[in-house]
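Chain naming follows the written order as A, B, C and D, and within any one chain the residues start at number 1.
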Amino acid sequence: MEILAYTKAHDQFRQRMRAFLEEEIIPHINQWEADHITPKWAWQKLGRAGFLCTAVKPEYGGMGGDFLYSVIAAEEMARTNHTGLASALHSDVVVPYIEAFGNEAQKKKYLPGCVSGDIITAVAMTEPDAGSDLAGMTSTAEEKDGLIEINGAKTFISNGINADLVIIAAKDPAEPNAHKAMSLLIVEDGTPGFKRGRHLEKMGFHSQDTAELFFTNCRIPAENRLGEKGSGFSMLMEKLQQERLVTSIGAQAAAELILEITMEFCKNTPDKDGKPLSKYQATQFALVEMATEVKLGRAFLDKLIAGHAAGEQVVVETSMAKYWITDLAKKISRRCTDLFGDYGFSEACPIVRGLRDVRVMPIFAGTNEIMKNIAAKFMGL
Amino acid sequence: MEFELDKSQKEIQKAVRDFTRGQFDKDLILEAMGSQKFPSAIWKKAAKLGFSSIHTPEAFEGGGMGLLEYVLAAEQMCKKDSSAGMALMLTGFGSECIFRFAENRLAEKYLPPVATGKMRAAAALFEPGAGQDISDIRTTAMEEGESRVINGTKAYVPNGASAGFYVVLCRNGADAPETSQNDLVLMVVDADAEGISIEPVGPTLGAGLMDFAHVTFENVWVSQKNQVGRTGSGREHVLAFLNEARIQAAAMALGTGQGAFDRALDYVRQRRQFGKQLAAFQITRHKLADMTARLDAARWVVYRAAAAFDINACDARTAASAKLTATDAAMAITDEAVQLLGGYGYMAEYEVEHFYRDAKTLEIFLGTPGVLKDVIAGAVIGRLK
Amino acid sequence: MEILAYTKAHDQFRQRMRAFLEEEIIPHINQWEADHITPKWAWQKLGRAGFLCTAVKPEYGGMGGDFLYSVIAAEEMARTNHTGLASALHSDVVVPYIEAFGNEAQKKKYLPGCVSGDIITAVAMTEPDAGSDLAGMTSTAEEKDGLIEINGAKTFISNGINADLVIIAAKDPAEPNAHKAMSLLIVEDGTPGFKRGRHLEKMGFHSQDTAELFFTNCRIPAENRLGEKGSGFSMLMEKLQQERLVTSIGAQAAAELILEITMEFCKNTPDKDGKPLSKYQATQFALVEMATEVKLGRAFLDKLIAGHAAGEQVVVETSMAKYWITDLAKKISRRCTDLFGDYGFSEACPIVRGLRDVRVMPIFAGTNEIMKNIAAKFMGL
Amino acid sequence: MEFELDKSQKEIQKAVRDFTRGQFDKDLILEAMGSQKFPSAIWKKAAKLGFSSIHTPEAFEGGGMGLLEYVLAAEQMCKKDSSAGMALMLTGFGSECIFRFAENRLAEKYLPPVATGKMRAAAALFEPGAGQDISDIRTTAMEEGESRVINGTKAYVPNGASAGFYVVLCRNGADAPETSQNDLVLMVVDADAEGISIEPVGPTLGAGLMDFAHVTFENVWVSQKNQVGRTGSGREHVLAFLNEARIQAAAMALGTGQGAFDRALDYVRQRRQFGKQLAAFQITRHKLADMTARLDAARWVVYRAAAAFDINACDARTAASAKLTATDAAMAITDEAVQLLGGYGYMAEYEVEHFYRDAKTLEIFLGTPGVLKDVIAGAVIGRLK
């Protein structure tokens, strides 16, 4: 019994994308990891092949695919074992803000480029002194001379160096209610007063450019506001379910990949007597236990995907999935490395990159502690 | 029983702590991280103070202290920086075999350069395909007159590309069955001997200031004078060495955990969210309490194992159990530290991310949990009828 | 999105059964727990009300319900927080042997009584020296004078005292192949040579009679053999999937009940300042984490139930569910008691019985270690 | 540091072990289990040998030893039988407050009957609705001439229905704010005083040979001479007592874990399945190794905490951390022992099932993990600005 009703068209899309990634993307990944950035041409290639923003409507250049196409794209990208080509972030987290809240002019202007890969996007919420506490942010957006002037600093921004378009959250200093003060604003690359800060060194995500962004008297046209003035907080809240779900999908796919690689290694690696490592009972138990947890995560996640695709509000379950599955990916990565012996601490070991990469998942898109707070609140505790 | 450090132990602890505060330059360490760039300058100073060969006898220019003092030093070093601590405290890796089991002549030749910061050592024990197991050694040391000729490959040798000499576990002659346990011999081999080729492991998950390499010996001629102990005693010596080295690794894990804990505690006391310090949230407090309890448990098993070793009362179970507990604690604590620091926890600049990677490396190094459990079970269950 | 397609008829059945249990069963449970046995009238009452053997076909007195009725009956019984009226064992584990493998005469003779509650059944596999190792059993069944003579001892037999009919597994000593030697035999209460041993004292399951059974030159008619001679092992193998699934269903329902009681306690118990315990963050996190795990188990289990009902072979997943969910119930019981403070070690605390009861679940129906061995084998490790 | 027991400690350990072997009759214990039937006969013999009041000063007919010796005795007792061990070693529960903080006069009156096996003691600290928290005590002890009049209810008092006297934590006067921390006083109250009513808790999950009760004091007159320490010192004394009592509970957990481990080890060495001993299966071996490592870790934090207590160097964090680690280990070990014994593990006859229930009881008693974490966090984080 499968929970998700993938059609033949979905399956073909998955096969096409997998073949494309195999051929066009995977051969370059080691270089991108070393470079600490992924080149823009890769985004364009992916977009032109039809694997970016599958949900965008045809009138804006997309294929108008249902949510399962997003799921497939996110899973297949996760299986490439790198994070630089952050297509799920772009396609299913950032661009949906433009799709959902942008006016016709904004959609016409930006969406085709987002789909083709010519416009790489980022969303800038987190600030150096306000992590998961969105209401605590201090960046300001003031109307001046018919323009909007942005001041503030953002950090941990994925695609921060590559981004051609940044959606930034900032507050009107004149509005005392933190939740009503926030707007979302579109800032294009090259806008005076918008500067990239340091390209941050981190444990993993090496092929992805994570950066600080600085806005100093950065003036943008008033029409670059997304949605109503002051509606930023509610827009964020509305889209967080999908962001967290997409994070869970990525973590689930990463856990599955790490375990799959490990299982193959144990099956195919003999000890000195020629007995495969997978014949040792303790190894078997480790693999069975991890496979069980991965299947549990998958069943829970698929049920959630089905609910999300059907338009259900699944705040509690999404928070639960985000924390449990990202923790799962982390735990699996830790336990699997032990099965490789000394090879397990070499970067040549095929799951070590994953170990470093998945460690951020329990932190981003709202820390797992925030997820539990949210779940507790919505469970009436 | 007496659980207090004595005066000289407290002095050592303080001296190492002061040293790390003065000498461990965070920026330099972060810059070198991951490139296997060994911190030579710091090492020379540490060697001068006798810290990195602290348990090598004074006769060979070491600190002349016990394993417990080594443990205290390693804890302090790794607390200040886990990667620097590992690199510095493992410079003499394998020299224990020489000062404990070899004739003085060998120790006098090989150990002073290590103790004085001129040369690194490397025990070369495990072999490709055998995991972390010495029950099936295929490297041979055939007698040829007054020499032995060594052939074989050793895998994941710490300091493998940088050591001045190797302490190599070999089978004595090719005729004995490969799994014979009474036919092993330890040989000290100069790294510049002809026939040695080195394949660096390359970047590693942790231990970013030191190197690992696979080392192949192809018809390497070594004088019989370089033999450690008697022929056939190799297994016994290496098992004793593994006990000692596992306690050392456990101490590094303890320090790594403590260092991550200290940073997390500082952070949550400073950082405010939702209008109050993170340290005011009950869940943060409980995480810190869990970390504290794990540190307490790790500390006392590690100290106890080292103290037992120093009075010749440490068996394989005690050492393996200490490493299992301490590295498990280090993993849990560094993981939680990363989490408590949030986004900063993932950034190189805030250090705890490499403590996490080092803890994971220590969890594998010298015995994964699975290997350690095999060892412990063997000891507690004994032989089955 | 719900995974299982319960109909209105199913829901009504659930409500009827819940009301029945509330009225007729629950008031007596404390007494049965003290008595260490459940009276036979309770079985009859349950059977006459239509809640035993819902799967049995109408021609034998049952309602011919689908597997979801069994699921509902098992869940509702688990929610009574006692184990003496072991209806799921009877209805979904033991009686199915007669239904599936019995000949027409056996079915006509026994099934109506099983449905009405007049015949309580037990299955006797485990022996003192062979726990989960079925092939290692030593009880014998020899043909003598046209009869079958059984010799051997069985232990840990649920319903051991109450049972009117025992299905016993025994081996033909003349057949050297352990797997081909085993037959299943029906032994009726009162057969000479069939004796009950001690009523065993145990950690929990106090209202259930767990006993040793002894067979000494116990002769039964040849027509009391179930299925073909020597087919016992394969019959057991065929039915084990459902037994383990039913065990998982019981454990899942127990975990849900324990957590539900605890959550209500924390919500409704104020500290001295009037602040409910559920307002403490650490308590919230504990409840959220446990609720997440319970939901994970539920999604995985429901998917499996759907597969089983559709006739799928789900050996690996069933083994995984059995171990993970029974362990879950145990862990939940441990963690929940802490939230009660000192009350948590009093037998008056409403989850303490559950803590004692669920501890056997990782052991029976094949230990969780056996489950992992099976999963490893079928995963090709 | 010195991790060996000294000669007298080894003697105590052996004496208690020998005593339990001789006196703990398994069948009698199993028969009494769950009925709160206290093992009086064994207690009288244990008292004669000075075991159950081992740390009470000799002046009051106790063993005159330290907490470490108490810990060794409790470990041995609970190893042999966790329920009997708890019942016997908690007979003097609260007498520590008297011999440490009260005038000799009080100790001379109340402690000898406890030490000689004639009377049990009970500290009555926590109150209904307050959990395991003494920051909000509502029981009052109002001064009336040379007496105090006590009113209030204490919950889950160990030996609550059987003790000869209670050590009751009270607020000094009704006027002080209820949460005042400096207004508490400890009173020793005879159990037969007028106005005391007892509501037994009834059957409990574990600790099946002892009783718990809620004790209500209604206008109970007590001489001021029965006051422990000075007025206002109640909180300080109880916090010190809780440290000591938590280490005691930790020792019981250690023994409970060890006892379950020993039984599991015996079982898996005997029992054969699928043609070999259970102890030959790798997964069984790894379980035993895990249990061993947890016992090692628990043992050393508990011994260390007790030793620290004996030199007045034990803070709340040390005691709470020892209890957290030891009870967590005991739960994991007893749980695994039940599992390793399979169906037998669930049966009363094989004992480990009550070790599991006792471990769980100890995990809650005197501080659930949550309460202990609050305590530890308070100590390591300190006051927040």
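Simple rule for what comes next: a contact is a pair of C-beta atoms (placed from the backbone, for glycine too) under 8 Å apart; a residue touches a chain by one contact, two chains touch by 3 or more.
Note that the structure is a prediction, hence the values are computed from the model and not measured.
Q: Going by the touch criterion at the top, tell me which pair is linked by more C-beta contacts: A-B or A-D.
A: Output for the comparison: A-B.
Q: Please identify the chain with the largest separation between its CA centroid and the CA centroid of chain B.
A: Centre of mass proxy via C-alpha means gives C as farthest from chain B.
Q: Please work out the Cα centroid separation of chain C and chain D, and write it as a whole number of Å.
A: 38
Q: Give, as an integer number of Å, the spacing between the C-alpha centres of chain D and chain B.
A: Their C-alpha centroids are separated by 40 Å.
Q: Distance between chain A and chain D based on Cα centroids, please, to the nearest Å.
A: So the centre of chain A lies 51 Å away from the centre of chain D.
Q: Residues of chain D that contact two or more other chains, please.
A: Correct list: 282-283, 286, 370, 373.
Q: I need the residues of chain C touching at least two other chains; which ones are they?
A: As it turns out, chain C has residues touching two or more other chains at 281-283, 285, 369, 372.
Q: Looking at the complex, which residues from chain A come into contact with chain D?
A: 280-282, 285
Q: For a test of understanding, state which residues of chain D touch chain A in their complex under the given definition.
A: Residue list for chain D touching chain A: 281-283, 286.
Q: Which chain A residues qualify as touching chain B in the complex?
A: 126, 129-133, 135-136, 155-156, 200-204, 270-273, 282-283, 286, 330, 334, 337-348, 352, 355-356, 359-360, 362-364, 367-369, 372
Q: Provide the residue numbers of chain D that touch chain C in the complex, in ascending order.
A: Where chain D meets chain C, its residues are 30, 126, 129-132, 136, 138, 155-156, 201-207, 212, 272-274, 283, 331, 335, 338-339, 342-343, 345-349, 353-354, 356-357, 360-361, 363-365, 368-371, 373.
Q: Would you mind writing out the residues of chain A in touch with chain C in their complex?
A: 1, 3, 263, 266-267, 278-279, 281, 283-285, 287-289, 291-293, 295-297, 299-300, 303, 306-307, 310, 312, 317, 320, 323-324, 369, 372-373, 375-376, 379-381
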